[in-house]
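The structures considered in this document are given below.
In what follows, chain A forms one complex with chain B and a second complex with chain C.
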Partner chain A sequence: MSIRFILNRLFYTFIMFIFVVTLNFALFRLMPGDPLTMVSKEVASSPEGRATLEHLYGLDKPMFQQYIDYLKSMTTFDFGISFHYKQPVINILGDKIKNSLILGIAAVPLGIAIGIIGGIIASSRHGKKTDVIITTSSMIIYAIPTFWFAMILLMIFGVKLGWVPINSMVTPGANFLNNMEYIKDLLHHLIVPVISYSVAIFGSYLLIMRGAMIDVFTEDYVLTARAKGLKEKQVIMRHVVPNALLPISTTVIYSLAIIFTGAFSIEVLFSWPGMGKLMVESVNRRDYPIMQASNYLIAVAVILANFIMDVVYGYLDPRIRIG
Partner chain B sequence: MSEVLLEVQNLKTYFTITKGKVKAVDGVSFTLNKGESIGLVGESGCGKTTTALSVIRLLPKEGNVEGGKIIFEGNDITNLEEEKLSDFRWKEVSMIFQGAMNALNPVKRVCDQIAEPILLHEKISKTEAMKRVKELFELVELDTNLMYSYPHEFSGGMRQRAIIAMALACNPKLIIGDEPTTALDVMVQAQILDLINDLRKKLNMSMIMITHDLSIITETCDKVAIMYAGKIVELGETEEVVTNSLHPYTKMLISAFPNIYGERKMVDSIPGDPPDLYNPPEGCRFAQRCHMVNSKVCIPEESPPLIDYTGEGHFVACHLWRNSNV
Partner chain C sequence: MKKILLFVFVVMLFAIVAGCTSSQPSQVKPSETPNGSEQPSESGKEVVTFKYGVMDSWPDSMNPYLSVLSISQTLYHDNVYETLIGLDQKVNMEGRLAESWDVSEDGLTWTFHLRKGVKWHDGEDFNADDVVFSYQVNKDLELPRFYSSVKDFVEINKIDDYTVELKTEEAKANIMDAMIDIVPEHIFGQYDTKEEMLAFTNDHPMGTGLFIFVEDSKDEYVKYKANDQYWNGRPVIDELIYVCFANSDTLIQALEKGEIDFCGVGAAQISYVESLSNITLNRFDSNAFNELGFNVWKDPASKGNPLIRDVNIRNAIAYAIDYDAIFEYAMGGLASKQYGLLPKVVGKWSWEPEDANKKDYNPETAKKMLEDAGYKDTDGDGIREDSKGNKLDFRMIIIESSYRDVSLVVQQNLKDIGININIEFMDTGRQTDIIYSQSFDADMYMWGWYAPYSDPTYILSSMTTEQIGNLSDCFYSNKEYDELFELQGKTLDEDERVKIVHKMQEIIYEDSPYIILYNTKRINAYDNTKWENFQKWPEWEGNLFNYFTKLYVSPK
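Right after this comes the complex of A and B.
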């Protein structure tokens, strides 16, 4: 892996970053409505009051100066004060991201692993009963709306059987004697959201992996590998899987990036205090600073993921390494 | 008389499709001695690759050996279990695939791919295997500094050399070359053929060469089997078959090649298409395209047997020969 290759990707990443950030700036200024009225109807109704507010929020400065200020605050993670919480946005986001990460790190890799392994098994028995069963059932599960499936799970295991709590991350109002107790309670709350989340995502991985594997199986080098006397398992693991992983790596890294943004329907349904739930609530409350900051963070996460993907792809596929 | 290495007896390999069976190889027999090379020639779909894949037991899952025997060094390998097949492949019989295509895995280093069968079949360390790879690189006249490269960094000719090195990795007794020079330009083609010839003599290996190009056979093979529609129509010493061909198909095949010494003219082609092997015609399978066809004997009778009419090891399967000489 050459330094030049990484620098090259880094350069394009930077260009993309500037583009997205600028778009984020323009988008909110093109939106209809008056930000000052949003802050205070009484003050904004008088001309003097308007001038004071404009000055306070820096809206009297020329557009270019506003843009520079905006860039400065974005790169220093200074997203202003939330309308709803009356607290710096960054303080609120930090906690919510942490909660989303707990859920995402437990669920997303699990879903990806199930999908990839299922895809390998299905494709290696291509056209046989096992393949038909795996592929059809995962397609059906994939087609079920996440919120519906999660609600059914919640109804059975939470309400009917009472095995798991039905909402939030930890038992509200509980005092934990030590960390072990806290983690136990957290894991108890995690079970159903993690199952729903991974079930929601594994289907697409399974289908992509299966398709990629079936493609690779027809390649000449697979015949070469068999002719060498490798056992079918060795042929699959050494020759087919490494090549089939190339198309799926893009999707995997993108999914890892959006762990930060949380899973909207799952978080809302289970009252999981993460980014997804926060964003849905902020839209309802017209909490612009939080929306803008979340938008920005999603964009940064995706851009970073793209960069990482470029580098990883170069590692996985020697043909991509340039320069 | 030298020792027999491979004996193929009345091989029948059929492909099962939804409407029935395609008789891709239908009663092929030949023997190959140690150190000898045989060429399988014919147009696309005549069963030459299927014959070879039957020998190394690498048929696609629709394909099945439904009759006949394959005897390698006196052992019947027709029904060898999967377990023993792994030991047999590459160690006894290896293959040279078309290198210009995708016979090398694009995400693995060339040296690792060559070392793979060595590590699989012999109990030696990775370092020793790499030493062997280096020797093999020297043997096929490749720069050993390029050992650690990836296949896409090689030219077509270099890739073909690497594939030959890979085929030699475990010192097999028999090498099957499946159109090893197709898709290479003529200059590189000549180099690769020379290399194969030299190595075969140096290492005293037997070879089955599959090609549709008769000129390759004349350069590399002792014997040649001309195949048409799943059957061998003519078999004998290469020179004898080419200069003194008996079967009308062989004659037409040879006249389809331009002669650089002769008059400049368009080469002859063989009109028509090979028959559908799902439902092969009665009688001689070449009858519909044969310019010498005699409708009284060629079509009503059964498919002609492969018989040595001269008594000198030159076999031909043609009713016309049977009727004129018997």
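Right after this comes the complex of A and C.
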């Protein structure tokens, strides 16, 4: 692979980065409603008191100065003070990212694995009963709104049977004797969110995998492999699956890159204190620093993932780096 | 091969489902190990924990002088900090950190005699220095939450260790408005400058209040333990935990299952919760009300339709609205009638017109009023015109998430009397921008207020000319009203003041810059098999979660 190819990709990545960072600043300031007037009905506010808050938020500075400060904060990863929590953004984000990661790492790979395996089974029995059953049932499950499905799970396993807790990440306010108890409690709270989350995402992987496999099955080299007298299992595992993994790798890398951003509907339903919930709430509160920081982190992750994808893809598939 | 893969697939699915069963309820008993050095309970007694499920935004700051959201008071400040004077169950003043107080003949000097023997949670003595510091720092640094409460005091003096004197230039009737959270000087005093105070996050709040802060986890929970040394007696419960919920369905499920002990109930869940035999509901009028407001700004820059400045039209609209339909259908029963600016729950300040003057639903009266004022439908399109042919056609801006259904009822009601309304739906941010941007480019809107229990000044001030550009959202201006506002602020005789406050509400009711649509009813729910001794506050129509419940609620 040529250095030139990588440099070329890097250049485009950089341009995209600058564009996203600027947009990230402008976007929220163009939104109607500012963080101070949004809470103007909450307390007996005085113009002086409001000026004090404006000062704390740095909103009394000229827009250009705010932009310079913003650029500085983005490059140093010191995202300033959250308007809502009135604490350094980095403190708030750290916890939320950790919480979303716990959920994401448990659920996303599981969803991907189920999707890929299901896709392999379905496509290898293309057109047969197994295929129809797997594909149809996955489509139905995939089409069910996540929050509804999760709600039903909660009704059955949480309320009726009482096997799982309803809310939060760990039992609120519990004192854990040791780390094992904490982990046990956490795992207990994870069960239903993880099932709901992986069920919500596995369908798309299944369909992509199945489609890719079916494409590959029609390739000449598969015919050759079969003609050589390879067993069907060998044909699938050695020739079809590796080639079919190529298109799905894009989706997988992307999903893993944004794993820390959390799943909004799941987080809200289970009151999981993660990034997804935080970002939506921050929009409602016009908490610019939090919105900026989280968007920035997502942008960085996506841009990096894109770059890695480009390079890896070029490595895996020579047609791309030449073309 | 296929079979193996299918097998693996099925096994994985089963594994997940089975995961639910594998871990049996591992309910961690609260506080088996004490936090810190102090034992919350001795000799292995069962620790009594009360869990309150909260569906709201997370509090904004633990520093009581920086936070601006009322939820922060509930979850943080009201548990830890106290004021000099509080309100008893009849919403009358009662001493908290001040044992007694008096006001000088001229009404310019308030003297507070502080309670002796009160200790901060860290064991230090509470005294006059803390009070003087708390008032002074808010005034000097213009801190956001309490500046408006302390700005009237020209002198804040310590007379002796347990006596403090606050002086004003003019008599100050709304002394309850000046009740701020008293903080320990030995903690807050370290932050001298504005910059330092604004950066002080107060991660471990420490006060004199009935609960001692233990820990919190943002967007998850806050945990307190009872203050054994509390001057008004120790709370019966040992621990108080607020649990954060982001979804109202799971909130109710958690209550049903016993993961929480107490919560609020929304309109959508009423019938379900009513069907649960172990849950008791308490319905009460709240201090929140919602109004149909009109852009009555008389300034040449006003962009409102000048017709809406005609009081006859506004009063006709008041008669045209089917309030019961709003309570029943748009609000799911969680609303009740309110006439004056101050809701029933604030007690003596609240006002109602005499029956003959009530503008209740009566479309015929509404039509007649419009006819008499010269608004007739001459071209037969169903919309009335004035004599110059200007149609009664108004723009209404509506926060869709809060008032969608209510606004549709109003739109239909007004159509019935020949007034056309064009609704523009938006979010709170956009509405805030439109109304507070000084170029109020709409004719009517819906919005709401929380009336503080302590004092009517805040709500009354929203209608004064002075507040145009600050609090006022209808840009109302009336000289008589402004004068009465000044007067009630100086009237120390409470009965006199009540009369003035009633008169002011009467003016607003007759002038209708607002038509108050409804008072928001709320519902508390708790598990009656586990808890008793809840207190209502105010005692006639009250929320069950308050200072007194926190003191007295006890397990059955």
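Basically, the second predicted complex is superposed on the first by the 266 of 323 C-alpha atoms of A that agree within 3 Å, B and C clash if a C-alpha of one lies under 4 Å from a C-alpha of the other, contacts with A are read in each partner's own complex, and residues count from 1 in each chain.
What we mean here is this: a contact is a pair of C-beta atoms (placed from the backbone, for glycine too) under 8 Å apart; a residue touches a chain by one contact, two chains touch by 3 or more.
Note that the coordinates shown come from a computational prediction; the quantities given were computed from them, not determined experimentally.
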Touched partner set for A:Y315, first chain B, second chain C, both or neither: neither
Contacts of A:E219 with chain B and chain C, given as first, second, both or neither: first
Touching partner for A:Y12 - first (chain B), second (chain C), both, neither: neither
First, second, both or neither for A:W148, with chain B first and chain C second: neither
Winner by number of chain A residues touched, once chain B and chain C are compared: C
Residues of chain A that lie at the interface with chain B and also at the interface with chain C: 231
Footprint of chain B on chain A - complex, ascending: 219-221, 223-231, 238-239, 242-243, 246, 316-319
Chain B residues within the chain A interface of the complex: 56, 58, 85-91, 94-95, 97-98, 101-108, 116-117, 120-121, 150, 152, 166
Of chain C, residues touching chain A in the complex: 1-2, 5-6, 8-9, 12-13, 16-17, 19-21, 23-33, 35, 49, 51, 53, 57-58, 60-61, 63, 66-70, 141-149, 151, 177, 194, 198, 201, 214-215, 217-221, 223, 239, 241, 243-247, 249-251, 253-254, 256-257, 259, 426-430, 432-433, 436, 447-450, 452, 458, 470-471
Complex contacts: residues of chain A adjacent to chain C: 31-34, 37-53, 55-56, 84-87, 92, 95-96, 110, 113-114, 117-118, 120-121, 124-125, 130, 134, 151, 154-155, 157-159, 161-169, 171-177, 181, 184-185, 187-188, 191-192, 194-195, 198, 231-233, 236, 267-271, 273, 277-278, 281, 284-286
